[in-house]
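Below are structures written as structure tokens.
After this come two complexes, each holding chain A, first together with chain B and then together with chain C.
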Partner chain A sequence: MATPSLLLLLADGRFPAGAHAHSGGLEAAVAAGRVTDLASLEAFLAGRLATAGLVGAAFAAAAHRAAVAETVGSAHPARSARPSDPPAGSAGRSAALARLDAELDARTAAPALRAVSRRQGRALLRAGRTIWPDARFADLPQKPGGAHQPLVLGLLCAAAGLSRVETATIAAYGTLTGAASAGVRLLGLDPYQVQALLVGLADACDGTAADAARAADDPPERLPAAAAPLADIHAEIHATWEVRLFAS
Partner chain B sequence: MRALARLVARADGRGGTALVELHGETPLLLRQTPTDGGVATVHLVGGAAGPLAGDDLRLEIEVGPGAAVRVHSVAASIALPGRTGAVSRMAVRAVVHTGATLHWLPEQLVAAAGCAHLAESRIELAADATLWWRDELICGRYGEAPGGAVVHTQVDYAGRPLLRQSLAVGPHAPGWAGPAVLGGAPATGSLLVVDPSQPAEPPTVEGSVARLPLAGGPATLWTATAPDAHTLRTHLTP
Partner chain C sequence: MRPDTVVPSAVPAVEPITPPPATPPHDETVPHTHPEPGVDPHPPLARAGRALRVGIGGPVGSGKTALVAALCRAFADELRLGVVTNDIYTTEDADFLRRAGVLDPARIRAVETGCCPHTAIRDDIGANLDAVDELAEAVGPLDLVLVESGGDNLTATFSRGLVDRQIFVVDVAGGDKVPRKGGPGVTAADLLVINKTDLAPMVGADLAVMDRDARARRGDLPTLFLSIVGDPTATSVADWIRHELAHHAALHPLDVPVGPA
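Now for the complex of A and B:
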């Protein structure tokens, strides 16, 4: 059983990983006139949760699974190793994380979204290295842009002793709250009503996290790949702007 | 209905392509059509309405080293409801060997009201294979809301993941018509071009069409949304 405070701490938008600088694609959707009010914000959040939210949560859960692989036997003595279990040890973890990195690239068609995910991964890693210096961050693939955010999050949550479902919940929740608070700033919406909207999506968020945590047992090529054409299109438009409020 | 169709092509050694296997079953029939410049052209001919929920259709394509195949279909396929609770499935599995080319350019998939359809494509490419792969989805017939449809595409290039995407529309796909996914557009699709001889180009967006260079190989994905099938086709014909 994880410490509830650590779960809250990692899910908190005030955790110093720069999440407040990103709108999760909402800024471009607002500029395109596609999100204008509470109702369209709700539709945006529901779609984002079911696509980027599910994929990010599944990869965070899969990275968590790779991070805790060596303790599977002792934590679940009744459960024998499955063929799809990641190999234990640093080399096994590196290989599993490199595979997840390539699989997540293949699910992120837009170069702008790949860059954003790696930039957010770097920011999260800076915080993580200071807070949990003993965590296995050295096993992350060494990519010029940094490691993908969900992979870093998975390792961070494992270091904090959180469970796989908690890891997936933090990831899914982050895709909702980042865009929702951006909605308050971009559209001048009533923050109480936006919070009410998040309360309405809480069950869907928990369900997405549970699906993602379950999916993490599948081989990497079968992890969720839910696509959203407008997310790709909006991200590339947004990347060309010279003046913008949010980094993505 | 269950059907298995199979297409195997080999280079004939004289700069052309021979279809050494071309086998279909109703409603998945394959017809060779006149060919240009060493490329074998095959049309998929629907031998029945549908797919109807409950149908399980499989197509296997193998393009041998140096061979070139182009696949079209004679008409859009319309996923329709069938037995309650049943799902229709169209699975395409393609292997494109070294120096080979596959152009998969079928007509649209239309997700009719009440359908429950899964279109699943798995493509394995050798390191210097060339691929054009177009998927177009129309959400409902005219003025109609679609049933459930999932278009899943999985492409590996030289043994590495190149593209994984799964687009879900319909009543069980939250927010699919909303501003994060399709923004109310009834037509959407993508064209994947894998061509080791072409230099990588930077991403661009024009209206609701984006050109996206992929990370895992010499590949570009064109992705688009559109108000109708005709406009979509224009977007996905570079």
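Now for the complex of A and C:
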């Protein structure tokens, strides 16, 4: 780990990328009476890690892989190029990211969640463009709502010099902490107990990130596609609420 | 940056740059007539390279939304205007403005703030900047964007990355000791508005005390007393904004766009 401070910076919930306005589906689950206390929050977070966490981490890792493709030979001399490696250069990166964008759309059944992912990607991109102006964000697909958040995160982490596993860890960790923090606000849970709950999930989070980083060697269509239909339904209902605390 | 270590925005007491001679002079006495709706035959103020962004913050119920509505009325035929609202948990303020009919709904954007209205205007401003960009994408270039914060407390301030000027609104019904309590909004906002002066006799608020305390807290920074009941277009505040617009146009000339919208 060459740059631990940058890993912490990008994983920090205070990094200004709009995360504070999102509950990761928790607000809808609380309103539906499915999350009421620490135990049910833990179950919610474990489920979120295994679905949205794994998929998001895998796509962030794959975007990171596309971003560093041209330097694979020099950065990792022990590893020879594989046939499934994305082509190097800007055109190759653009093509790889466009495929990832389409594949992530296909894995995000709820239109509301697609919009949220792109909105969060746009927020992260705004921060990233200011902080790392030389990064290869121009290779992201130009979609009306913005690029998906995991794709932007992958490029951002590559620009910060982080490894693929670190990238996947930030993605997986973010899916936990956003919802956990929303749990403190929505349910008035003891913040110490909620942090203890996150400590208990740390191994699972690291394992998810490792799985996601490995999966990123596969072609885009083979990336993880774990889904939670109830979360999709909740997200669609939540988007229609007149009064809500969180944007998602 | 940790929220508790944010450096209070410095407010320049002196304009740092004098307007270049090429900029048209700021003249509020020129009457404006608009024979064709939607077409400005002669812009009333020098157009700037990007919109002046003015934050309007203050405690819950101090009259921020009413002030925004009054300014919409004041600038309706004069400026290309956009409004961004930051509600605590609804789009209530945006809905109020739409219902009030003071501004084309296409010119109003609501930002959802996840229980943290101060975060969205100070620490993590991306959603608000997105909203400003979306306004310009939807309705074209703007002269003025009003960014209304969600009702918060006396510690809320806007990031200088989001707004160029900020107005802090308190009201006499909140108690005449509010200016004395200070806080970054009261002490450092570019303009302090003490609202609902018509209620002062009814709530036993002493405007002289509020004026004295505001001067003590704010030094040379301006304070305006306002009653939107008596002045539905908030004339004094609108005049202050016109003045700031002229300075802004001098700093951001039309041919050198600076940043988004």
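FYI, the second predicted complex is superposed on the first by the 246 of 248 C-alpha atoms of A that agree within 3 Å, B and C clash if a C-alpha of one lies under 4 Å from a C-alpha of the other, contacts with A are read in each partner's own complex, and residues count from 1 in each chain.
Definition applied: contacts are C-beta pairs under 8 Å (C-beta built on N, C-alpha and C of every residue); 3 or more make two chains touch, one makes a residue touch a chain.
Treat the numbers as computed from the prediction; the structure is a model and nothing was measured.
Engineer: With the two structures laid over each other on chain A, which partner does A:E103 touch: chain B (first), chain C (second), both, or neither?
Structural biologist: In the superposition, A:E103 contacts chain B only.
Engineer: Just to be sure I read the superposition right, which of the two partners does A:E221 touch: chain B = first, chain C = second, or both, or neither?
Structural biologist: First partner only, chain B.
Engineer: Considering only the touch criterion stated at the top, classify A:D211 as touching first (chain B), second (chain C), both, or neither.
Structural biologist: A:D211: touches no partner chain.
Engineer: Who contacts more of chain A, chain B or chain C?
Structural biologist: Higher number of touched chain A residues: B.
Engineer: Taking the superposition as given, does A:E166 touch the first partner, chain B, the second, chain C, both, or neither?
Structural biologist: So A:E166 meets neither chain B nor chain C here.
Engineer: So, does A:S23 touch the first partner chain B, the second partner chain C, both, or neither?
Structural biologist: Once the two structures are laid over each other on A, A:S23 reaches chain C alone.
Engineer: Between chain B (first) and chain C (second), which does A:D139 come into contact with in this model arrangement: first, second, both, or neither?
Structural biologist: In the superposition, A:D139 touches no partner, neither chain B nor chain C.
Engineer: Inside the complex, what are the residues of chain A that reach chain B?
Structural biologist: 25, 29, 32, 34-35, 40, 43-51, 102-103, 105-112, 114, 204, 220-221, 224-233, 236-237, 239-240
Engineer: Chain A touches which residues of chain C in the complex?
Structural biologist: Residue positions touching the partner: 1-3, 88-90, 111-116, 119-120, 123-127, 129-130.
Engineer: Can you check the complex and tell me which residues of chain A touch chain C?
Structural biologist: Per the touch definition, chain A meets chain C at residues 14, 16-23, 119, 122-123, 126-127, 182, 185, 242-247.
Engineer: Which chain B residues qualify as touching chain A in the complex?
Structural biologist: It is residues 152, 154-155, 160-168, 173-183, 188, 190, 203-205, 208-210, 212-216, 221, 223-225 of chain B that touch chain A.
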